[in-house]
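Shared chain: chain A. Partners: chain B in the first complex, chain C in the second.
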Partner chain A sequence: DGVAVLPPPYNLSVQSTNMKHLLTWSPVSVPGEIIHYFVEYQGEYESLYMSHVWIPSSWCSPAKGPECDITDDITATVPYNLRVRATQGSETSAWSTLKHPFNRNSTILTPPVMEITKDGFHLVIKLEDLGPQFEFLVAYWRREPGAKEHVKVVRSRGIPVHLETMQPGAAYCVKVRTFVKAIGRHSPFSQAECVKVQGETLPL
Partner chain B sequence: GLRRCLLSMDIHHIEESFQEIKKTIQAKDTFQNVTILSTLETLKSIKPLDVCCVTKNLLAFYVDKVFKDHQELNPKILRKISSIANSFLYMQKALQQCQEQKQCHCREEATNATRIIHDNYSQLEVQSAAIKSLGELDVFLAWIDKNHQGTSA
Partner chain C sequence: QEFQFGPCRVEGITLQELWDAFWAIKDIVQAKDNITSVRLLRKEILQNVSDAESCYLIHALLKFYLNTIFKNYHDKAADFRVRKSFSTLANNFVVLLSKLQPSQENKRFSGHDSARRRFLLFQRAFKQLDIEAAQTKALGEVDILLTWMEKFYHL
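And then the complex of A and B:
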């Protein structure tokens, strides 16, 4: 009967970096109309034991734009099904479902940003706050032949941490990587950064 | 023991999820003087050798029975229960890998402890039993945490 049916969103995909997960899709456009989107998810538990149950996303029921931060919904290291539909006034599209379930263990872990400073003879590191799921593995050494590499696990976030009391005239280098216990994975190490007491940060 | 099996578990996150719904769930429990897990002083008396098996059995109790029997309409509560259920599913897989390395045998004491829970559960009408068991999740989580000490997040 020629009734215009609202097309569903398409091209669903998830971009996940450092345990932040963003679901995106190609928008539905109807000239002159405002489109909203509803996102729902089900974890492996629901798909195995109660497949009729879909849970409204925490932040996108509805969403105005063609993306949804699903980080707070993906809270276990199991595959999650995700679906989106469009609405315009009382009209609702069909659901569009992510082709492959998403598991947060596929997140991209990037080398963390660090700030190395000297406080007198003290070597101090400050690490970016990536959230409660991240630990930092800091490796530091005195730059001289045969020097031993020391390792410190840092769980505090965004606050300076003392690493070492430096010897005058010596140069010290630091590199760091993250560890996410919930998925049992490390990031690559950052570039090493070196400082010298009474000197400037030296490029490698 | 359990520590090697559940090393990578983020128990703390599961406890947080439960704390957010505990009051609401426990308020729905109409049989306050009856318990399903809490009678289990035996949980405290479970020997290290039986910890893995009792954990596996209690995870199965929640995954196969409690979460399924409980129908939740409130999206906020549903999200938290889903988070716990999927975390338990992940823990089951971790324990399964442990079992393949033969570190999770079930002795009679462990099997008896689990049967008491199932018997308690079946004394009540299903919805009541499910809501009560959900409300007692902190007993089970505290027991896991205690047997998992030193590595929780």
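And then the complex of A and C:
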């Protein structure tokens, strides 16, 4: 009967980095009209025990643009089904469902950003705040042949942490990686950064 | 952070996430529980549970919650916050259940039978109530369950 039916969004995909999950899709465009989108999800429990139950996304009911931060919706390490539909006024498109369920254990973990400073003879590290699910494994050593590598697990976020009291004239190097317990995975190590303490080694 | 229920070790669950999810629905669910004189997860069910029993008991309880309590309550949870928190609890219980492998070989020897008796106490108390009242009460008692589970959680 020639009634224009609103096309559904398409090309759904999830980009996930450091446990931040962004659902994106190709937008629906109707000249001169404002399109909104509604996102819903179901975890493994819902799809196993009650596949008719879908839950509105926390931040995208509705969404104005063709993306949705679903981080707060993905709260277990199980496969999640995700679907999106478009609305324009009273008109609603069909649902478009993500082809493959998304599991947060597939997130990309990047080497963390660190800031190495010297506070007098103290070697201090400051790590970026990636959220409560992240631990940091900090490896540091004195740059000399046969030096032993020390390891410290840091759970505090965004505040300076003392690593070592350095010897005058010595150089120390640090590298760090993240660990996410919820998915049992590490990031790669960051590049090592080295600092040197001024002054000569004092004679014993 | 991991759970160690006797021989059963489970990683990948953040207990705080479960607590946060329960706190979000606690008042709504417990307000609907009118039978204040009855407690399903009574002291004798969860008190002095040995390590050997713990894996069998938690496995039975989680299975019951998923199959009997969450399954029928989720539909009625119209309130969006309840549904979201429900989903968090239920999906993390699915992860836990999938990783709990209570040993089948030494079932006859240690822990299984006494864990079974404890679970049956819970199930019997559940069946003595009207199904909806029992589901509401059991859901409101998730804090009792989480408090007990916390004893087996190591940071």
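We adopt the following convention: the second predicted complex is superposed on the first by the 198 of 204 C-alpha atoms of A that agree within 3 Å, B and C clash if a C-alpha of one lies under 4 Å from a C-alpha of the other, contacts with A are read in each partner's own complex, and residues count from 1 in each chain.
As a working rule, a residue touches a chain if its C-beta (ideal position, glycine included) is under 8 Å from a C-beta of that chain, and two chains touch if they have at least 3 such contacts.
Since this is a predicted model, take the numbers as computed values, not measurements.
For the composite obtained by overlaying on chain A, chain B and chain C cannot both be accommodated without a clash. When both complexes are overlaid on chain A, the residue A:98 reaches neither chain B nor chain C. When the two complexes are overlaid on their common chain A, residue A:75 makes contact with chain B and with chain C alike. Of the two partner chains placed by superposition, A:147 touches none, neither chain B nor chain C. Once the two complexes are laid over each other on the shared chain, residue contacts for A:124 go to neither chain B nor chain C. Taken together, the two structures place residues 42-46, 48-50, 53, 55-56, 58, 73, 75-78, 132-133, 181-182, 184 of chain A in contact with chain B in one case and with chain C in the other. Residues of chain B touching chain A in their complex: 8, 10, 13, 17, 63-64, 67-68, 75, 78-79, 82-83, 85-90, 153.
Interface residues of chain A, counted against chain B in their complex, comprise 42-46, 48-50, 53, 55-56, 58, 61, 73, 75-78, 132-133, 181-182, 184. Residues 1-2, 11-14, 16-17, 21, 66-67, 70-71, 74-75, 80, 83-84, 87-88, 90-95 of chain C touch chain A in their complex. For chain A in complex with chain C, the residues that touch the partner chain are 41-46, 48-50, 53, 55-56, 58, 73, 75-78, 132-133, 181-184.
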